[in-house]
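Order as written gives the chain letters A, B, C, D, E, F, G and H; numbering starts at 1 within each chain.
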C-alpha cells in the first residue's frame, strides 16, 4: 500500500497521517498519554492497516493501555518501557547505533530509545551503566562506541556523559536528559541544561526522558530510505 | 602533520587539543568570549600550525578581536557574524546542507552556522525568511529543503518553524533557537522549549544562538552518512 | 428577572454576583476546584434561580462533584470534560466559532471550550487533530477555518499551531496552551511561551488548559461583533 | 494593486509577504530589532510600494533607525514610541477602541498600541493613569470604557487593572503586561502571570510590552474587511 | 509560669523554645508537616504545660495528626483548616482584624489565619468572596474594612485584591497569596508576584498559603503585650 | 486644603490622586522610573500644591531627574539614594522605627526606607552592617532594636537577618530583600525567597530593593498602633 | 581483597565500580530510586562481596526495597531514613563530625547524613532543632560545634542556619538544604539559594535533601585532614 | 594584636568584624561591589591595622576601586582578577591545593580563588584548560591532582569537570560554576545545577563565579590554625 504525501485517515477524533512515510520516511507513532486504551488500540490498528510492512508503535503506555493493546493486537506485540510495538521487527539495515546510559536508573529511557530504533530497522545496541564517576567503565567500551555510526547518550543527574562521549567519537551524539535525580535536578532540567551547554561541539539534545525522539532522530540520520 | 589522539600543545594558559581530529574528525575551535584578542590570535595561530590543511575558526569575536585577527593573520581570514575563519575554504564534499531561518533578525545565527559549515567542508546553502506566518514562502522552497541531506532550522520568537519543516522532510533536522524576541521570549527560552517539545518526531536541538554547534552536529551527521 | 449591576446574593460562604450579566453580558460561572460538591450544587442552584434563562456552568468538577450535581439538578444537566452545564442550551446566535485542536490529547481542553461556548449561545464547531506535523490535515480544513468569525486554537507540546492558523485567517485567534507533553513542556509552560511569542500578529493567549476562559473571550468578541 | 494569498516579494535577505492582506486582512509589519536601518528602510519602502493604500509600520525602532526612516521616507512618516508609520492615516471606521493604561510609566507601550491601531484604521482612544490604587479615577472613566467595542488594558507592576476592567465591561479585553517595575516584577513576568490568571473571565493576553500585538488583535476583532 | 528569654525545654528530638514569649510576645507553634502524630502531640503538650495561659497551636495537620491530637488532648481542642488549637480561646483585646478573601476556594487559608489570630487574642472577622471581578461586593464591605485596625487579604489566581483594598484603607494590609488556580498560577507564584509588585504602597506579603504567618504578623502589629 | 476621597487632579498624561490621604492616610508618591524629568517635576509640584503640609516624594530618580527637581523645586529639596523629597520634614510623631541593614552594600535601599519614613513623620533610626556572619554586632544593638515599635530589616545575599531579628523582638518585622549579591542571588530572588520562608513567625516581605514600600508599610503600622 | 583503580564487576544491567576505593577512598553506594528491590539487593551483595571490610550502603530505599534488603541480607542490616547499611559499623577514626539540623522536620535528611557518615567511619554526632528563630538553643551548643572538625548543617525553609554557624566556627561547614517548607520554598529551592549566597565565607553546599552527599564530602574532608 | 570573639571596629557606615579570626580562623574580607572606592580603601586600611600580620583582601573591585587602593595602600598591594590583596603573602603552610579550570575563559574565577588562597597561606597551584572535551589533558595532570590535599574545580558551560575529577581523586572537591557560556547557560545556572547533581559523591558547590568562597572553604578545610 502506498499513500500520497497529503493522505490521512479520519477516525473522527483523530486524523491518522498515513502520508507521513512519503514525506518523512517514518510512520506516525501514537502518543498514548492522555488517550483512552480504546483510542490507542484503534490508532495502532489503523496504522497497521495502513502500513502492513511497518511496526506500529505507541509510547508512554500505562498498564491499562498495555493490557488493552495486548488483548486486542497481541499476536505480534512487544511491550517494554511503556512502548507497545505491533508487528514483526525488521532486520536491521543500518550500521550500529549505540544507546549508552549513565546509570541503571536511566535504563527505562534507554529502553524506549532502543525499542523504537529496532522497530524502525536500526541496529540498536545497549551500553549500560558507564557514568563518568568511573571513567574506566566507559573507556573499556570505547571500541564499541567508535564502531557505532550514531550514538544516543542517556543520562540524568549531572548529565555529564554526552560531553565526555562526544570528545571521544566522531559520530553524531544525541543526548537524552532523564528525570532521574532529585532536589535541584528539577525533574530533568539540570541534565537538560548541561547537555545544551556541552563543551564538546556537535552534541544535539532532545526533550527530557524522550528516548522515542532520540531514536527517531537516529532514524533520520541513519535513514532507511532507499533513495538516499 | 598527524597527531595522536592524546596530543595537545601547551600554551601555558591553554592546552590546544591537536589530537581532536583523530578522535572526533573535526578540529578544536576557539571560543573567543572571555579571551583577550591576543589569546584568540595565539590560539588560532597554534591551530593553523598544527593543522595546516584545515580552516581554524574562532566564534563570538567582538570588533576588537576581529581587528586583531585580521591584523595578525589576515591573509586568509574571513570575518562574518562574529566568526573569524583562517585558511582557504575547502571544496564542499557533502550533499547539500540547508540552513533555514525564520526571520531576517535570525540571520546572524544562521550565518554563524553557514560559515562554520563551509569551513568544515559542508555544502551549506542559506534559505532566509521563511517563517510560519506566511507558509507559502516555505512551501515554495520545499524542493530545496527536500534535496538537502541535513537541515538546520534557525528561529526565534515562537520557534515554530522546525516542527513544520520536520513534518515535510526526511532528513535530520537540527533546531537552533535564537534570542530574537522580547518579553516572554526570555532571551531565547521560549523557542528553546518549543523546539524541545516539537510534535514532529526526530527534531534535535542545540543551545540558544548556537549556530556553531548546529554546524558541528551537521559535520558529525554528514560524516556519519559517508560512513554508512 | 433582572438585576442591577451591583446586585449579588449572599450565601454566607459566597456572594453570587447576579449583577454580572448587566455589567459584562455573561453570567458568573462556578470554579469547582477547592469547593465541596455541596457548595457547587448550592452555587449552581442559586445561579439557575437568579438567571432562569441562562445555562449555569461549573468547571473543573471532579467525579464526586459531577455526581452531586447530577443527583441534585440532573434534569437538564450536561456533563463533559469536567464541565457541569445546567439548563437547556440556547440556539446559537453568532457566526461560527471554530475550536481547533492540535492533537487528540488536547481534546479535553477543547471540549471545555466547546461546551462553555455552546452554553453561552455561540455556534462552536470542533476541528480535531490538525497539528503542524502533518500540515495537509490543517490545510484541508482551511475553508471551515476561514468561515469562522472567531477561532480558538488548543495545543500542547510545541504550541506551534496558533502561529500557523493566524497566518492563514483574518478572524481573531485565541490560543490555549495545554499541559499535554512531558519533560521540558513543564506543565504547559512551553506552549504558553510559544503562543505569547507568536510570529503571527494578533494572537492572544489565555491560561494553560483554560478552555473556559477562551470561550468566554469568544463570547466577548462575538458580542462585540454584534455591537459593531 | 492586489496580491494573491501566496504572493511575496523576495529582497534576497527577506521575503516580503505581500499576500498577507489577502489572507489575514492586515499588512506585514517590520520588526526593526536586529535589523540594520538600511534593511528597515528597504522593507518599509517595499511594503509601501506593494500596498500604496496602507500605512507601512515598523516597530521597535531605535534612534538610528528612526533617523534613517525619516531621512529616506520622511514625507508621510510619523514616529512615536519606537514606531515608524509611513503613509497617511486612514479615517477610523470601527467603533471606539479604548487603550487604557495603569500608570504613566506604561505610556510608551500604550502609545505603541495606539499608533498601530490608528495606522490600521481603528478609532483608538487613550485613557491614561487609571491604576487600581485609586479606583475612583477608573470609575470616572466607566462611560468611555463601556462605549468602547474593544478595550486594550496596559499595566506593569501588579498587572491588576485588566481584572477590574473586565469585571465592569462586556467588550473584549486584551491585556498587555509591561516591563515597568523592578525586583520581583522580573521584567514583566509578574503582570504577565497576573493577567493570565485573571479572575474575570474572558481576558486574553499578549506578550510583555507588546502594544503592537494588542492592536493587531484588536484589528482582527474589529475587522476592517468589508467582507464581514 | 514565666521563662527567661533563653529558656527552652529539651525533648531530645526537639527543643521547645519556651522563652519565646519573653522575646517575641507570642508562643512557639508546631509545624506539623514532616512530624509524626506522636511528635505533634508531645510538642503541643509541652507547650501547654509551659504556658498554661496560652492556646497551643499546631498547623498543617493531616487527618491522622488531627485525630491523634483530639484523642490525646481533646478537652479543649479546636480543629479547623489543618489547625489544632489547644486551650480556651481568650477574649479578644485588640481592635478588629479583617480577614478578607477573594474567592470561596481561598477559604481554607483564610480560616488558618482566622483561627491563629483568635488563638492569639485578636478580634478576627472574616469577609468572604469579595474578589475584584465584582467590585461592588467589596465596596459594600468598605465600612467594615475601614473599621479594622489591620487587614489580612487572602487571594489566589491573579492576586489583585490586596492592591485594591490597600488603595481604600489606611490600615496595614498583609497579603497572603494562595495556591488556588491552575496552569500559569504555578502553585501560587502568580499571586505572590502580583502582591510583591502591588501598585498600592505599603502592602506586605507572606508565603503562599501562609495564613498562619499572616496572623502572627497581625499579632506583632496589634500586640498583646501590656508593655506597649 | 482638604480633598474628598475620590478627588484627583488631571494633568492629561497623569491623574494625581489627591484624595489618597483621605483614603489611606498617606499621599501619593511619584515613581520616577520611566518618566521624563519634566514629568517628575510637574507631578511633584502638583503634589506640593495639593498638600502643602506634606512632603512630596519621588523615588527611583536618576541623576538627570534629581538635577531637574533641584533646579525647579530646590528650596526645600532633599536628595538621597534616588529619592527626591520636597518640603520641610515633619517632627517625628511615632515611636522609634529601626531600619536595620545587613551589609554596607545594602545601605542605598536602607536609605530609601529611612528618608521615606522621615518624610512621612516616622522616627526612623538606622542600624548599619549587622549581618549574621558576626552575630555579636547585632546582639550589641539589641536594646535599640527592642526599643523600636517597628523594625525594617534590609538584606541581600542570603537574606538571613530578618529571621534572626524576628526571633529576638516582638515588634512587627518588615523584610526588604536587596539585589546585592551575584550569581545564584539572581538579582535578589535568593533573599526574597529566604524572607518569605522565614522560620520566625510574623515576618512580612516587600519587593526586592523596595525601601520605599517598607517605609509605607511602617507608616500604616504606626498609624494602626496609634489607632489601637 | 584489593582492586585496581580500573576494576569493575559487570552484572549485565550494572557495572559495580569496585576500583572506586582505590581511586577515591570510599566505596560506591547504591542509589535505590528507579531500581527494583531485586536490583538493590544484587548490587549490595556484590558490594559486600567485593569489599567485605566495608559497610555497603543503599540510599533512597522505599519500604519494599527495605523489606527486600532485610529479607536477603538481614544479618547486619541497619535501616533508617531510607538508608540500608549492610555490615558492621567501624569504630570511628576521625575527630567529631557535627550534624546540625534547624528543625525537627529536617531530621530525616540529618539521619541520612549521620548514618552514611557512621558507615564510613566518621564520628557523627547529631545536634537537633537549633534553628535561628531561637538563637540561644544554638549558642548553648557552641562548645560542641567548636569541638567538631567538620560541621554538616541541615535546614529547610529559610535555610539561614549555615550562615550563622559558619560565623561562629572555623571548621568546614557543609550546608544541606531540605525540601521542608511550602509555597515559595519551591521544594527546597529557597534554602538552596540562601546557602549558595551565604554571607559567611567558606560555606559549601550539596543538593537538596542530599544528606548522603554531605556525609561523603565530610569523608573526603576528614580524610584530607588525616593526610595533612 | 589580638581581639576577642565579639570585637568589632565601628566606622559608622560599617562595623569591621575584627573578632572574626578568633571565631573562624580567617579575617573578614571586603566585598567591593556596591561600595565606593573610598569605602573600600577605608575598610582595607582598618583590616590592615587590626590584623597587621594578615593580608587584607577586597574582591569584586572595578578599575576605579583598584586604582584607589593602589593609590592609597600601594606599597604591598597585589591586584588581579578584581582582587586587591594588601600585605606580604605568607609562606604556604598547607599541602598543595589544586585550582583546576575547564577552559581558558574560566581563568578569571580561577585566579580569584588562587589569589585568595595564597593570601590565606594556602599552597595554591593552578591547572588550566583541562575540560572534558579532551580527557587526555586532564588525565595527564592526574599525578598533580592526586598530590593535592584539596581540589577546587572551576567550570562554566556544562560544568561537567568536577564529576570527572571527583571520580579520580580522594581529596575534597569544591566545585565553582562560572557564568561562562551563553543562551541556556543562563548566567551560570546550568553548571551550578550540574555540579549540585554530580554523580560523583562528595562534591560540594559554591555560588556562581565565587572563586573567593571556594578558597575560603579550602582554608577552612586545610586550616591555618595552630590549634588543630
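Assume a contact is a pair of C-beta atoms (placed from the backbone, for glycine too) under 8 Å apart; a residue touches a chain by one contact, two chains touch by 3 or more.
In UniProt terms the chains read A, B, C, D, E, F, G, H = Nickel pincer cofactor biosynthesis protein LarB.
Since this is a predicted model, take the numbers as computed values, not measurements.
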(message) With a step meaning a move to a chain it touches, how many steps does the shortest path from chain C to chain G take?
(response) 2
(message) Looking at A-G, A-B or F-G, which one is a repeat of the D-F interface (more than half the contact pairs shared)?
(response) A-G
(message) Count the C-beta contact pairs for A-B and for B-H, then tell me which is higher.
(response) A-B
(request) Using mean Cα positions as chain centres, tell me which chain lies farthest from chain G. (result) D
(request) Averaged over CA atoms, how far is the centre of chain A from the centre of chain F? Could you give it in whole Å? (result) 57
(request) Just give me the whole-number Å value for how far the CA centre of chain A lies from that of chain E. (result) 51
(message) Distance between chain D and chain E based on Cα centroids, please, to the nearest Å.
(response) 44
(message) Distance between chain B and chain D based on Cα centroids, please, to the nearest Å.
(response) 36
(request) Any chance you could list the residues of chain H touching two or more other chains? (result) 20, 103, 133-134, 166-168, 183-185, 189, 192, 196-198, 200-201, 207-208
(request) Chain pairs that touch, all of them, please. (result) A-B, A-C, A-G, A-H, B-C, B-D, B-H, C-D, C-E, D-E, D-F, E-F, E-G, F-G, F-H, G-H
(message) Quick check on the complex: what are the chain A residues that touch chain H?
(response) 102-103, 131-135, 157-160, 163-164, 166-168, 181, 183-186, 189-191, 193-201
(message) Which residues of chain G touch chain E once you look at their complex with the stated criterion?
(response) 103-108, 128-130, 133-134, 136-137, 140, 180, 182-185
(request) Going by the contact rule at the top, pick out the chain F residues touching chain D in the complex. (result) 5-6, 8, 12-15, 17, 19-20, 28, 31, 33-35, 39, 60, 177, 179, 187-189, 192, 207-210
(request) Show which residues of chain H lie in contact with chain G when the two form their complex. (result) 20, 23-26, 29, 94-95, 149-150, 166-174, 192, 196-198, 200-208, 212-214, 216-217, 219-223, 225, 228
